[in-house]
Structures are given as C-alpha cells and as structure tokens.
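Chains here go by letter, A, B, C and D, matching the order in which they are written, and residues are numbered from 1 within each.
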Amino acid sequence: MSTTTKQRSILNRALLAGTAIAGLAMGTSQTLAADPIVIGLTSDSSGQYANSGASDRRGMLMAIDEFNAKGGVLGRKIETVHIDTETTPATGSRVAERMISRDKVGYLIGAVSSGVANAISQVAQKHGVIYLNTNSSSPTESGANCHRVKFVWDGNGANFAKAAVKNTIASYGKNVIQVTNDYGWGHDTSAATKALIETYGGEVSDDILVPQGTRDFTAVLLKIQQAKPDIVAAAVGGDDQKALRSQVAELGMGQDYAWINNQQDWPDVYGLPKENLFGVFGTTWYYGLDLPGVDEFVAQYQEAYPDTKMRVPGNVFYNGYWATRSLLEAIEAAGTTNNHDVIKKLEQLRIPAEVRMQHDDAYMNPNTHQMQQTVYLATANTGSDDPDDLFTIVSHSSPEAVADTDADASCKLESFEDTPVNQP
Amino acid sequence: MLTTKGKAPIVSRQMLVFFAILLSYPLWADAAGLYEYLGIEIVIFIIYALGFNLLLGYTGLPSFGHGAYFGVGAYGYGLAQLYLDAGFIPGLLLAMLAGTVASGLVALFLSHRRGIYFALMTIAFGQVFWFLAIKLRGLTGGEDGLLNIFRPDIDFGLFQISLKSNFAFYYAVALIAVLVTLLLWRLVHSPFGMAIQAVRMNETRARFVGYQVWWIKWTVFTLSGAIAGLAGGLLNVAQESAFPDTMSLHASGLIVMMVLIGGGFVSFWGPVVGVIVYYLARDLLGSITEAWLLWYGLLFMAVMMFSPEGFAGGWGKLVAWVRRRKQGEVLMGGAQND
Amino acid sequence: MSAIQPVLNESLGMEFVTNLLPHLINGLALGLLFALIALGFTLIVSVMEVINLAHGSLFALGAYLAMVIIDPSLQNAGPIGLWYLGLPHLLRYAIALIVAPALVAVVGFGLELCLRRTYGKKKEYGLLLTFGAALVLEEAIRLTWGPVEQFLSVPKEISGAFIANGLIYSTYRIYAAAFGIFAIVLVWLFLAKTPYGAIIKAGAHDSEMVRALGINLPRLQLLVFGLGAALAAIAGIILTPIWGLRPHVGVDAVIPAFLIIVLGGIGSFWGAVLGGLLVGMGVAITGAYASAWSLLSMYLLLILVLTFRARGLFGKKTALEA
Amino acid sequence: MGPHFGAWENDHMLNVKDISAFYGETQALFGVSLEVGAGESVALLGANGAGKTTILRAILGLTPPRQGSISFDGRDVTRVPTHEIAKAGVGWVPDDRRIFPSLKVQTNLNLGRKKTRFRSWHEKDCFELFSALEYLLDRDCENLSGGEMQMVAISRALLGSPGLILFDEPSQGLAPKLVQDVLNAIVQLKNEGVSVLVVEQNALAALEVTDRVYVLDKGQIIYAGASSNLLDDTALRRTLLGAAA
C-alpha cells in the first residue's frame, strides 16, 4: 500500500497549486487534465479486523493501479483516500461523512465488519454515494440492511452454511450442537444454519451461546464432551473464534466431532498451525484452485506486494480486488460517473467463470445487490509442508445451489427517486 | 484548582468567544480544512464533556463508565422515533429522560462510594449497560446498532425546519450547546455548585458542615447522566443510528481523557478545549498516520507528566507567569507541598 | 440452553454432581489463571497506590517478546543463530520465561520514572498516565508485529491433552494452573519472608516513615514497579497460548485484573487470590449453565460484593479512596 | 539570625539557618534559625500550631524549606532526599510513633537498622535502655500499648545509629510513669553522646532533661536560652508559654 494515498487530500492542494503555478510560468494555454476520481477506502486498520482490512485494501489498490496504468477511468486518474474505521460503526459513520463532505470522494469501498458496513452504507445512501461492501459476510447486509447504493461482494453466512450442512449431516450423523456467538452476526448465522440442519434431517440438541469477548471456551468444550454430538456447528467470529480454534486444537477435539465453522478469512488463519484449522468452512476463492489465470493472479500479487507477510492472495484480497475492478468496469461501461447509471450497470453485472477464476459464472442479484458466486468448502491441508498451502478444497457449489433465498424477501432497496443523484 | 465564587456574570467574556466560534464555524470550516459534520460531532461531545465535567472536575468523582448514559440516550432517542414516532424535541427529551433514569438508578449504588471504589463501580455498571446493549438485540439491534433513524424536521407548528442537511443540524446542535453552557455556568455558580465543590475538596468535612453528601453525589451523577443522554440522543440523530461501541469502556475512557487533557480540573472550559484537541488530533493525525493513537497517547502522557491540569491549567500558569513577569515579581523557588 | 435441572431424586442429583464436577475443576484452574493476571497488578496498587492500566499492555508485550525469543527469525544470522535455533524448544521456552519478563521489567522501570512526576498529586493523574501508556504500548506493538494474530508456540512437553473420566483435559491448562500456584506462592514468600517484603509493606503503609528510616523508597518503588511489570509479562506468556496473541489482547487481561483486586479488596494479597478464584468459578459455572451470561457474571459479582462490602472482601481503607 | 547561646560554633551537629516553609500556600515558618551542638540536648517549645513539627519535617527533608538552609554534621542537607538525610545520621521519633502496624516488633526494628559514621547501636543496647523490649520482639505491633509503641519507635530510631535524634512529643499520651521512662532515656542518650532535639508540649519535663531551649510562636523563634534559666524563671516561662507551663 502506498503511504502517499493517506495524505492525498493534503497533497492534492499542493499539487493543484503547483500545477497552476507551473502552468503560468510556462505560459502554456494547456487545459488542466480532468479532475481525478477520488475513492474512499474504508477498510479497518485497527481493531479486530485490522489485518483483513489491510488485505482488503491491497486488493482494491491492485485493481486501481491496473486502471491507472492504462490511463484511469473515462480518462480520469483514480486517487484514493484511506482513513481507519477502527472496526467501530460509529467511526465508520464519521469517516464516511468526512470522506464525502471533505475529501469529496465519489465512491466508498471496503468493510470487513458488518456493523461498520452498515454504518457507512447509511451515510452513503443519504448522499447517494456508491458503496462496495467487499468482505462483510453477514446475511443482513444483503437482507434487512440492504441499500440501493450498496453492493455486497462476499458470500454470506447463508451461502456458506448451505454449502456445508448437507454434506456433513450425510456423512457424520444427525445430532448437532450449535455454538453461537451471542450477537447479531452469530444469531443470524446460527439461525440460518439451524434451518438448514432441520431441512436436511438433522437435529439441534443444544445451542450454546457464548458472549462476544469470550477467551476461555473450556466450559463450552466440557459441555460438548458431555453431550457427545455427531456434529458441532460453530458460529463464532473474530478474536473469539481464534481462541476457540486454539483451544479445540490443543484438546485434539477437532477430530472427535465434525465441525462446521463459518467462513474463514484468509488473513485470520494465515500463519496459524494447521491443526487449528479443523472442520469444514466456506470461502469464495483459494489460490490453490486449479483454474486458468490463478497463477498469473498470484504472480501479479507477489510483484505488487513483495514485502507482505502473506505470500499469496487470499479470499479477502480477492473480494477487494474484484469489487473495485467491477466498479471501475461498470463506470467505463456506463460511460459516466453518474451514480444511477453506474448502479444500473452493476445490477446487470455478469462475469464469466474463467475471468473471475471460479468454477461458475458470477452475477449480481439486482434485488439484493449481493454477488452470486461459486462457494467452496475447505478444510485444513494437513498433508502439505508448504506453509502457504493451508486449505484443501473439499467441494464447490454453484451460486444457485447456495443462494440466500431469504434475502430476496427481506431486502427492500430504496427506489432510484429516493437515492440522490451524484456525479463525482 | 477549580473554584467558583457565588457571583458570576450570566455571560462571561470567554463564553462570548466560545459562542462566536461556535456559531460562525460553518462559515470558515471549509477554508480551515474542516467540514460541517466534524463540527456536529465536536459540539455534541462538548455538550457531553461539559456535563461530564460537572461530575469529574467540579465534584471530583471519576466515572469511567459514562458512555453507558450517552448510549442509553442514543438508544432512547432512536427507540422513541421508531416506536413512538416522537419528533426531534420530544425525542431529545426522552433521550435525556432515559439517561436520567439509567444514571439515577446506578447513582443509588454509587452515592455512598468514594475514590477508587466509586470509579470501579462506574466501570462495572458501564460494562453491564454495554453488555445489555449488545445482548438485547430485539430492542437495540445488537452490535449492528439501532439503524434506520432519520433526521426529522423540527416542528414549530406554524413552520418546520428540516435537519437533513449537516448545515441545519449543526445549528440545531450549536443552539442546544449554547443553552447547556449557559445552564451549566449558572449551575456551577449557584449554591449547588458550591456544594459539589465542597464535596470535592473534602467529603468528610462537607458532611460535618451539614451537606447531605450522598444526595449531592446522587444528584450530580444523575444530572451529568441526563446531559450525557441528551448528547447521546443528538449523536443518534447525527449518525442516524445508535451503536453499542459508544458505551464501551474504551469510549468511556476517551471522554475522561478529553476532559482532563483540556483541563477539566481547573477550568470550566477545559472540557471544551479537550474535545476540540481530541477531534482535531484524530482528524489531522488520523489522516496522516494509522498510528495516530500512539502520538495522541504520547501527548497525553506528556500532559499528565508536565501539565497534569491539562491545556487550561498550562494556559492558566502561563498567564499567571506573564502577569508576574510584568509586575516584576521575583519567582519564589522551592518545592510546593500540598 | 439447558436449564438447571431440579434435583428430584438421588440419581438425578448424582448426575448433576458428576456433570458439575468438571466445571468446578475448570473454575479452579481458571481462577488460578485470573489470580496470576492480577498478581502484578495488586503488587503495584498495594505498594504504590497506582492503578496501572498499562498492565494489560505489559502482559501483551511480555507474550510478544517471549514469542520472538522462542522462535526468532534468525535464518540469516550465522552460526550463533543456527546454534540457538537448534536448542530444544523447551529450553528456549524456559529462556523466554526469564528473559521476556526481565525486558518488560525494564519497560516498567521507564514507566515508573514517568509516573514519578505524578506522585503526591491527584491519584487520577497516575492512573491516566498509565492509560496513555497503555495506548502507546499497544500501538507500538501493532507497529512492530502488525495487527495479525500471532502464535506463541508451547513445547510439546507441556501441551497436548489427556483423558480422565471420559473427558478430555488440556495438559497445558494443568501446567498453567500449577504455574499460577507457583507464582502466587513465590510472590507471597517474597512479601512475607524477605526484608524487601517488610519494606514494601511498610512503604505501602507509611512511605514517609520508611524514607525517614534511611530507606531509598524511590529505588524500591522502581523495583516494585519493575517486578509488577515482569509479573504481567509472565501472566501474558502463560495465558496467551490459551487466549491467542494480538495487540489488543491486553484489554482482555486488564479488566479482569481490575475487577479481581477490587473484589478481593485493594491492598490485600490473599484478597486478590480469592477474588481471582471467585471470578474463575463464576465464569466457569455460568459458562456451564447460562453460558451467554458468563462474561457479565464477573461484573455482577463485583456489584454484588461492593454493594454489601464497600471495600471488597478483605479491603482496608487506603489513600485511593480519598 | 537567632542569638547564639552556649553552642560551640565549630561543633554544630545541626545548623538551621533562616528557613521559611509552607504547607501548600500557607506559610508555616518565617525565617527560623536554630542550632544543636554535638552531644547537646535541645528543647523546642511552643503552643499548638506554632510550627514545631514543621521544623522537624524540614530537617528531615519531608517538608523542604522554600528559603534558608539546613546543615547536618557539616554537610548542607537543604535539598537532599529524606533517606539520604536519615542515612547521614538523623533519627526521628514522630509524635504518633508511626510504627508499621501489620508487622512484628522485630521487623519494625530491623527496618530501622543501619550504619552511620556515628556510634553503632545494637539490639542489646536498646534492651538496656528498655528492659521490656526484649519480650515484645515476637508481638504484632497492632496489639501494643502506647508505651510499648514508644519504646519500639525510639529503639527503631536508635538502631539507625543516629548522631542526632528528633523527638516529636515523646510524652504525648503516655502514663506518668512511662513519661519518666522516656525522659530518662533522653538523658541517657545525651550521656551516650547522641545529640537530641525534643519538641514537647510538656514544657517542664522537657526543660528538665535538656541543656538549651528555643521557644517558637507563630512560626518564629521568640526566645532562646539555657533550659535551666527558663525552668527557674516561672514568670518568663508563663509569659512565653502560657499559664499552664
């Protein structure tokens, strides 16, 4: 990530002044180049999702650099501003306000936490600024909290659960215990999983709620041992999940039950011992997929970011990259930066599988603004010594097979009339 | 030391300066590289901090869980709008009421506690409220917060003013800040103001002199809770949502930091200075470096070490020093002992 | 959520007890770990009457330093580096357990020198200075090691699991709890059986008189603060293999430490130990029967105790109350 | 500067010159000067709040004077940390004894033990002074009587091998017999060559066991002279110290 982007707004003025003076000095009547398009990057750089936020941002910047290398969008350079949203909704709200009113950004990109994504999207909707939720996987993002200006690029809890539940019940048995983080995302994910478990003939014998901020899961693990289930379906997120993983791994309980975990974001697990990655979990992409274009993409990543600790791109990077690239392509396709036109282009977005490096074509659901894409089921790759090769992809499901059917019912997008026109 | 005498003008000179800056802000914000929305949050936090300093600076009671009442106000406003269809002013009154009830209940447990035990009880209660805000998701929306609040019109019967724009809402907040400032200024110069300062200087002596100390502590805690509730309600309108983070220990710690870095122990205006310093540091440093908290933390440590009475204290010392210099007085050496 | 079953008959009662027993053991172990976290905190608060809010950051710093000492990135560091990496894991762990706290003690010395300027002023100033220090340390950790989740590797001799009564228990947990007892006893011996202990106690009671006896109290305060910081680091090294290691892990430690010493009564060594055990039991039992409330239980416990006992379980009046 | 009386100019153990001290913004001492010679015992008398204790605190560096200077044993100690002053050989027996209550008598005594350039004191020397002390060693200080506490406080100061010992109201709160014991101890100390500065309310008792006296009023020395003079001159004594003296 270039450090200059952070100071862009200050630099802008200096540059502008500098150009003006230079122009005068040279006595040319050359018209100033078109104003740049400014994009606000709202990914976290502190708090629980700081690491994912950094990866997210690297993805966005690689897409932007690609476009700038070929002259920008509609002949305009793309500049970025980044301010930390601190994994805190209230901060997200203020950052969005600042970027829109002071830094005059035309688009906002980036989120890992659904709370922050929500807060930003409310502000964005008020101002009619297109916002890309790159990496928050809460089903409510494209359900109850959807917005006309917001597009969601990650798979959500419902998608991932669908991919995992059927498979596991068929192979391991019907008796399921759920472990649920006692907050919104946990409950949503858990409820979606429970419905699926019942659909596929499983039974939930207990749902253990754990408060957010739990560091010691021994009591929970003792209860699981006492109950002896076939399957444990965990909806535990963030730091809590990391603690749960290391404690399960230490007890060797990862092999005793079939664990269904929620999505594993690459930056969260990278560098951890592989025994911590027990159970199955969903993801949208893996660098080890045997598909055309993947190797080139990895090489491009390594060239762009030679110094990052993560030597290969992960799903968070992938989502950040594709969200940004799709937005810029939509602007070009629309031939204008007008938000209504760009939104319409994005609503019709369809990307062939070979371009997206996934198994199926991906497309935007115009009713929920969530990207419909292949979802992969992964587990730890204990058979390899390669520290980068963490996952084994168990299976992949088509967008239709894992579609979040509840979202269409709960999402009510604002009309275009209620969305202010904005042409950055 | 923060001491007020009974007599004070209704409007002081500093107050006029403050009001002038407050009311002219939108005119020069852009030129100064600032923006209206930032002003809204600063002014809301000024209201919050002024009320908080009644407790911390004037009564000497450190609350490290005041975010709870701020948050309760925010949720109170949101719920009033969502379920009671309350307008702007009734909503704010309900937010204040929510802050009052919550802090009043907690104050029942606190008003007989002193020093560190008082501080720790405030933390414990603050955590309970924060926890409940996340836990009672049916009511509060859990960690996603209470969403889809809108900025209403102020209904004056004959005409209405829309608060949709940041400009209009800024002035609504600024006017409330003017009212709160006038009110608190009167209050600290009233007999009640004398009483709370007596409690700060020596609780035992205040009791001997005949003050009902627990009742004073209860009242001042509840009052500052009410103002926190009002500020929380305003932030809810500003952000069009209420979030549990504003109730976290971290957020509660920050308001203490703001008040003290500005000099809440020595000046009525300390909290105002502190909030402005914090927000500007955050906005300016935050856009330059991601490690802005490192620098702010170092600044804060330096203030605690070298001018623990904050910027206002440092300013006061500077003014006194200049004055003495002018009078040609010889500075007295030697250590001071309290 | 499973409700508490009414004990209707003998067999059901027995089942209840056998189900409960592992949770009680867990609570005990957890309590010892909490007491370990609170140990350095209570030492500093009782001797110096400073609430050290940087305790958590020192806890985190200790763990990070230990991580580096156990697994330094020495690939290109020549023969000495290779020799060091060739040492047994257990030995490197033992070295880390000594060296990392010593380094954190040095940081503690620095912090105490800063704190000196606040002595004799309002107690809040010292507390807030440490709050600022906590922010600074956490940010410094983030800048140095990044925001990424890290991993403090534990030698295989003390990791793994064993089965007892049909349930799996963590070996490391047993080691950690035993270490907790060991540290508690060690600190107690230091306080009760050495001349330093007497000076520390005397200094806590009447610092002026101690100075007037010709004892260099500032140096003692430096020592005590360093020792408290080292204990925070030790707690971090022991706890983070269970909790995980990230820059803000300190916040997870400082809040329970805070609650525990208040619960036990500020200035009381055994109060802190008892407070730790109570919180551990509380968290474990609610974790078993009302898991959603397990974290809140410690706050409710504190409110309950302080409502009836204004100075905690064994607390005496201190200057912190004024 | 106060008048010089009977002190040997070149042999000052303690020399306090023109000090002013403050508690916060309140001035407690206004240019006080006094001296204690080697092996001399001096009384410091005056009404409550006259500033007697402040002088002792100033000597110990606990309330450093804002102006003036203090030298002890030929060394300027005006701005020296308290523990250095104590190590140089100033002992202190404070008015409320300030025994550490949670510790045993033995531990309290151990805390006071140190070496100076003056004569070393050992536990057995203290037992000679207070025969009861030997049997108290294992007791917790919380359970001591007032007289026992005073014994411990004096012994603790002596084990620090002081050249000068500061007594603050040594007879306060003690039964008459115990007061006599303490006074005897002061005389004995002087005989052993330790310099003594005694602050007392009980003027007659103090005058009986000291060589010289200073009378303090409102932070200023108003009289200095031989103790025997004041002991004999009842009228002067009453003028200076009030009717009760």
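General remarks:
Operating definition for what follows: a contact is a pair of C-beta atoms (placed from the backbone, for glycine too) under 8 Å apart; a residue touches a chain by one contact, two chains touch by 3 or more.
Predicted, not measured: the structure shown is a model, and the values here were computed from it.
Taking the mean of each chain's C-alpha atoms, the chain whose centre lies closest to the overall C-alpha mean is C.
Placing every chain at the mean of its C-alpha atoms, the farthest one from subunit C is found to be D. Subunit A and subunit D have centres, each the mean of its CA atoms, that are 76 Å apart.
Chain geometry summary: the mean Cα position of subunit B and that of subunit C are 33 Å apart. Put simply, the C-alpha centre of subunit A and that of subunit C have 36 angstrom between them. Distance between subunit C and subunit D, defined via averaged C-alpha coordinates, is recorded as 45 Å.
Shared interface positions of subunit B, i.e. residues touching 2 or more other chains, are given as 131, 135, 293, 337-338.
In subunit D, no residue touches at least two other chains. Multi-chain contact residues of subunit A, defined as those touching 2 or more other chains: 45-46, 182, 211.
Those residues of subunit A that touch subunit B in the complex are listed here as 6-7, 9-10, 45-46, 81, 83-84, 88-91, 93-94, 97-98, 101-102, 114-115, 118-119, 122-123, 126, 138, 140, 145, 182-185, 187, 211-212. Those residues of subunit C that touch subunit A in the shared complex are 1-2, 19, 22-23, 26, 29-30, 142, 146-151, 159-161, 166-170, 172-173, 241-244, 246, 248, 252, 283-284, 287-288, 291-296. The touching residues of subunit B, counted against subunit A in their complex, run 33-38, 41, 131, 134-135, 137, 141-145, 147-148, 166, 235, 239-241, 243, 245-246, 283, 286-290, 293.
The residues of subunit A lying in touch with subunit C in their complex are 45-47, 50-51, 54, 182, 206-211, 213-216, 218-223, 225-226, 239, 242-243, 246-247, 250-253, 256, 267-268, 270-273, 309.
Residues 60, 62, 81-83, 86-87, 92, 94, 98, 100-103, 107, 110-112, 114, 156, 160 of subunit D touch subunit C in their complex.
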